[in-house]
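Got some structures for you, see below.
There are two complexes below, and they share subunit A, which is joined by subunit B in the first and by subunit C in the second.
== the complex of A and B ==
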């Protein structure tokens, strides 16, 4: 190895040599045009590090990356400079990727429990033994005609993993499939499905002139984080646009905003409704907003005139005055008026929302109110506004033709009546439902990309059910790491980390142009870790229903060779070399709703106009027996009719409109929802006070949670470079609230809810509203390895260098112990931000 | 920890005057920043960095990319980001201050080194450490007013940021610059008046850290908040500095 001294002294010589080899001339680098990433060199030897394009998966943003290999080891990850989504930028979490691969507490071999469940005693088994056992269990259920007793529960399983694993589940025949969206932002998606159909909003920061943000911390955490964050900060710095953030806490996003407006938790919706009141009463909807109203439904009559719609909106919003909102939210009426006027008169403007708005009782109403304000100001799916998401559309092998009809246990939507429109399910209730047993119980519970014990509320209850063999007879964990849930498994199948595997990817583009990209192994999986995509192919084979796919690499290769554009660019070989592909001729997608439907599509077999809604749909595809039956029942009341939607008749034209998803809404942008009405809710966005907040005692506080920029919710705390920066999560409390409780900076405090209490440390700061206690997620792991919890996994026998370097002793406290799993009555969203707590100085301190 | 961090705003006028003065009297006589002097000498490159905090979101991409680039041991930091939170509710602000070695023109660390293991390179102005010569005496750690140095537990030598010389010499930007999400960091040649960094310094109010130390830093900031929590505490104002590194107090 070249010594550091030699390198430093030979620096100039080495540079000259490089110049000679590349022929670019030594002066080039001395001047301005430095290479923007994609290359890296060892600081000790000066040798080039091998660069391989791939994709991150620390969070769901899944940014394209370049991995750098030195002597067979992954040493560094950076952004893919050719990505149009990220422009070569990735966040701190992505840069810490190598920590995932070389986590000293990783699970490298299949492990079978040998002690009692949860006792922490394990025995290494071969893959053949492990899969023989799992396949045996599953095959028996399938052969017995009970495939639904196999429950598969996933978290952030996306793109090709979702498709290939989905193919396995479909061919196996179970529909008992759980997800995690209700603990994420399900209410936001339900709110969107009720208004504009398929969920996900892209904020077009490249073109906007004003940003109004309610409850999103997108500069620290977001489902499309780096892509959006870099565009927002550039819009703020380069174009000097104004941004106003409503939040109970001064997040970094609020701090970078032109103005932070503190708001009482759960009352942002009142502010939004009052802003819409101002817009309507002051005529600020005129212009773009009024024009957009022709694509909106605002009355029971779908053919209402714009004047009728304006009148209906004014009538609905009449009582939602800024003065009314001030009493509820604590935001001054004048402030609401000013910001409403700015938002409505600065064109284009973008309305940003996330969990701060929706993780509440009646959460979807917040999103619907946001959609209303964006709509009446003409800021929907326009350059610079709130746009319909655009992501890559891959073609992929569909697997065997003959699939069994899936059977399922009705256990993923909570108990009857808990929520009327759980369009993304209610999986935080799964353990309650299993414990209850009246809706059935799975025999096999398998989970993947998911941390059920830690990530849901009420950790104690989750762990109790997971541990109980009478409730869950057999449990299978697929995970590269030993987390709190893996500790309660019967068998652990070691997954490859995202840096050791294949996938194709498709995350939303911030610039409305889709980008195709792939994930490929940067290094071979350590130990015997295997991509779960490969494992399902193996399992299917063992159970006698081969998928016709060898493994994930095969699936990705076939997908590359059949996806238009990717295929012509060079298919799999091209993608392996370049990592990313987009159509250079593609134009950004806006105003998709205003495209006309082709006459030929209306003339297709089974397509009829539903008179009540002016919606074209296909009664045959909706599996209605006769056209008469279809007409009698109508589009709105035929099960899953939305899946056959063709277009929306508006005046004498038929438009693509806002295509419905999950519910039978019309093709209008629905400010008035008959779906809501049919389910016993108000048809237009309506404020409902949070019952627990109404019943608060004077001493009570409201608990809110949040994310920081260097951690994901639960799955990055094993990364030493991240956890070194953020490993402790003291509770933020306003000086006034602290003084009233005789709490001082650094004091140990007790935070108690209806289901328990935690002890943590006080961070007395004016960066949080009085009456609110804010505790970050991420911390308080009691497993997940030494960096996260201070506790090694059972699979590490000897001490290694990592121990000596780890200097932090505190691992923080996990707030979920005291947050109940409590669904919003519309969507079933977990009400993360509604918990009422009592805060006092710790007695033990 | 009673040192007070104060700011000096280098105004455009001063900067231009600096050039004028330097041009009139020759190199070495300029009273104001190094770039002005350098611009006239027209000699070898003199690398510097400008961090525009209007574009910084405090995301730590720089900190972690640096960790990876050099496999920096836990507990040590070549590059880090401090948060400055201040004010009274609801008028509260939080700003970010990315930190790294200032590659000073008058480096205090070099002056105290008993072995000559650390020096400022004539070729580009970067202050480097030779781990083979360093005896780990820590004089430089104490001398540095910016707490930018550490003893690397692997080599036993003093260590710190070197502007990623191994990348710069191959035509790349330093890792932190490449990683910066908001493109807040500009790396370049302060000797070249037409370089982006020189132009930005010439056209914006910029500051350096602790100018009273006389070290003449070559890391400049736009819109930095130099608030100090000790001064603020003495005045009864709330200022909180989070260093996000093992040294929780800022030197």
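== the complex of A and C ==
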């Protein structure tokens, strides 16, 4: 047979002749990646189904999707093949989207309570009546000069929803706005803000050669889940890179790693510091790490030489030896050394972290320690390393020019002194703060895409406050579903599900190239459900401050027509047809910090060099009265000076550096933080033992929580396809711990903390570290419809099919009943993983 | 001890792109051979020393049969041969995949044709409105592979590795699941029916190349 090389030679010659021999072909190029989806056929009729591009919203990853419609019904959701983020893939949750639309327990009409709050008696009202009532309440507060007494609390509100609802709130005049970040990963964000400015990191799995993971279960759950997980899997399977995962539990991510290293809860930071110790002491920082140190601050003096920085790092890390870390974490010193060396000498390598590292006492220190290790090995914002996030930048209508000055109740950052740098607020304390009352109380509490009773710790306390009309006089729930919080509302406005509404979207790209995409209705909202984005336009109109936006569709259309790139591609019409857009010529974004600042930007009015930090900032924009005042007070101590940051002087050049956000850090990558120092913390990442763990009695255990791959924390258990797969959450316990308590597989057990106890079932497994009890966080709903809780909502649509299909009887146990709402003292992060519990065989069994 | 990982000479990305381009050109050449009667331009190219040499290296020797004749005569003779072989009348070598595949259901516009059409459309192509032929003609399938390998090359040049990998997977399915199963039968039939060397030589080249491709793609790690 002819050798392949000869065929290729013939091909090469044929290439030179192609022009002469090419005839007219039969095929034309139609559409990128059609093989991966985008078309679907009815299995009964064989007809093509109507395909509409849109975006998922089951979780914050917000993957682009295509919905398929047959006879007006949404029958299927698939990935968007043309997305450069997801490459056409979505997870099980996205596929279960139709379950959200057709949930038989869904709320289809505005409902007003008629009995006592929480009694479960409701009366249907018209939208007009409902909005007249809500607008009446709100307008009175506004007219009385107390707009801050309207508290708006959201769980998930991103992109265009955030902008349009934000526009409504700003024009109303309230700044009393709560979020949910402190029960997610606020500590990680604060840790990153303190080091490199922005809060979000992207792991460049497409180019990495080594993955070191501390406490992230990214193959099952992550804020950019499908986009990142598939790239990690490719790196592991196709390129056979090594991945080491530190986790208290053998998650599926740990199981797919080359190596799982069990670690004692809350001690990952000790391992990280010891690894940095190894890197510095063995000279492994030399090369990329040393070069990167020019952009790092490691000493009080911002102009220190690299040699000084190396010395400072060595001095700081000297006591954090692997032997020291072994005593704290249970990880062998030799293991720490080996992995530190591998990580430091395999280039590029990426350091991955999440809640396992940071949802602890002093959580941001874990993230800062991770940033340190990544920095001294030169794995920051480089191909294959830990990169600064890149997302789509949309232009959008800014709304009315004249806005009132917002007033706010200082109730979203917890009690005074609870946390010094709550850059993402402390909303798990909101009910404690409201109960206390000394910081003020809202008159109207409205929540949107949020499950405050269920999602925070100490569910009992949350419910008690929400139920108490003397503490919260009027409450408005915006939700398509009847969950534990909706049950305690005064009025429920039925929201459209995400598959019935408009949005533009901007989630971070795993490949450092931004992608613009939109969400559009796949079907009309069921019943009288309305997108909250439309409702706020209506409410503003009713209160006499029209936003100039008709509804969310109008907002999305206008944004498409004004966003560079999207506009030229064809604007709104293009996006409705294609769903996604990216600039095909865009290059992946790396090393943004090393770009020089233009001389013209330094010469702008108000821009000065702060001598103490070598940071250029704009004193005029910072609203300081005179340049003398600005110089006297300095960049670091002028309120919100970070918002006016221009660049960082390093040597005789000025670089864009690591632009600050939320805090007045310099443009350096700050391994040494004066912001921390000024707030009474150690300036460099420091280990602090968790007080409750130090005080543990010998038979105490540590409770840890986790997520599985087919559920979000609270919002997907009403999806029958998902809950059929995962509806029970037995507690994982190591055989050694179980034996000591005479607990066997399947036994009913009692898990008690300082605030209460739950009863659950034991799953005895070596896949969890001894001394740790692990309980998944998705189960144990006591409302949210039949699939989630076994309890139908008051607005049930009787449906024999649904009743027949639900074969499972168990709904699991919710661990939050026994986890107190307890903030980390730096960021206010809810300390999900610190709770000490007593575990015993259930007496009733 | 570390597990021994077999050391394979993996082509560099630039090489991979070049190889994909060369494969694409060869597919394109073969597509033009089967698409219609040969033109004088095509014969002119084949006659060039470089092309002739490259053909010879893959076992195709047309120097004698194409020399000493006027282009006009040759084009005419080959047009007659093309019609006799692929169009008829009388017993001929049908150039449609579905006739060779599908067992008892084999027929023109048979189930295999539906599969080919959907496969090609799913891969992102449309049949041009001017195209009057059947979707599973040998020339269409070769053109499809020409386009796919060309897109593969571009993906590699643009360093969109995942895209290139996806394209290679599609090529592999089309070759192993489909082309490699019928093209040998088709080519064997040409060889048995041809009266002039041109098509029997081209048939030999086609079957060799398709089988070499199928082998290569089947061994590509997915």
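Definition applied: the second predicted complex is superposed on the first by the 809 of 845 C-alpha atoms of A that agree within 3 Å, B and C clash if a C-alpha of one lies under 4 Å from a C-alpha of the other, contacts with A are read in each partner's own complex, and residues count from 1 in each chain.
As a working rule, a contact is a pair of C-beta atoms (placed from the backbone, for glycine too) under 8 Å apart; a residue touches a chain by one contact, two chains touch by 3 or more.
Only a predicted model underlies this, so the values are computations on that prediction, with no experimental measurement involved.
Of the two partner chains placed by superposition, A:810 touches none, neither subunit B nor subunit C.
Using the contact criterion defined above for the overlaid structures, shared-chain residue A:319 touches neither subunit B nor subunit C, since it reaches no partner. In the overlay built on the shared chain, the residue A:709 is in contact with subunit B alone; subunit C does not reach it.
In the superposed three-chain model, the partner touching more residues of subunit A is B, compared with the other of subunit B and subunit C. When the shared chain is aligned, no partner comes close enough to touch A:577: not subunit B, not subunit C. In the superposition on chain A, A:126 makes contact with neither subunit B nor subunit C.
Judged by the touch definition given at the top, the superposed model places A:234 against both subunit B and subunit C. Contacts of A:39 after superposition on the shared chain: both subunit B and subunit C are touched. On subunit A, the surface patch touched by subunit B in one complex and by subunit C in the other comprises residues 4, 7-8, 11-12, 14-15, 18, 24, 28-32, 34-36, 39, 234. Residues 5, 19, 21-26, 28-29, 31-32, 35-36, 39, 41-42, 44-45, 48, 50-51, 53-55, 57-59, 120-128, 130-131, 133, 137, 139-140, 143-144, 147, 161-163, 165-166, 170, 208-209, 211-212, 216, 221 of subunit C are the ones that touch subunit A when the two sit in their complex. Subunit B contributes residues 45, 52, 54-61, 63-65, 67-71, 73-75, 85, 87-90, 92-96, 121, 123, 128, 130-133, 153, 155, 164-173, 175, 178-183, 187-189, 192, 195-196, 238, 240, 244-246 to its touches with subunit A in the complex. Listed in rising order, the residues of subunit A touching subunit C in the complex are 1-2, 4, 6-18, 20-36, 39, 87, 206, 234, 238, 240.
Those residues of subunit A lying in contact with subunit B across their complex are 3-5, 7-8, 11-12, 14-15, 18, 24, 28-32, 34-37, 39-43, 46, 75-79, 88-93, 95-96, 98, 219-220, 226, 229-230, 233-234, 236-237, 250, 252, 255-256, 260-262, 709-710, 720-722, 724-726, 734-736, 765-767, 769-770, 802, 804-807.
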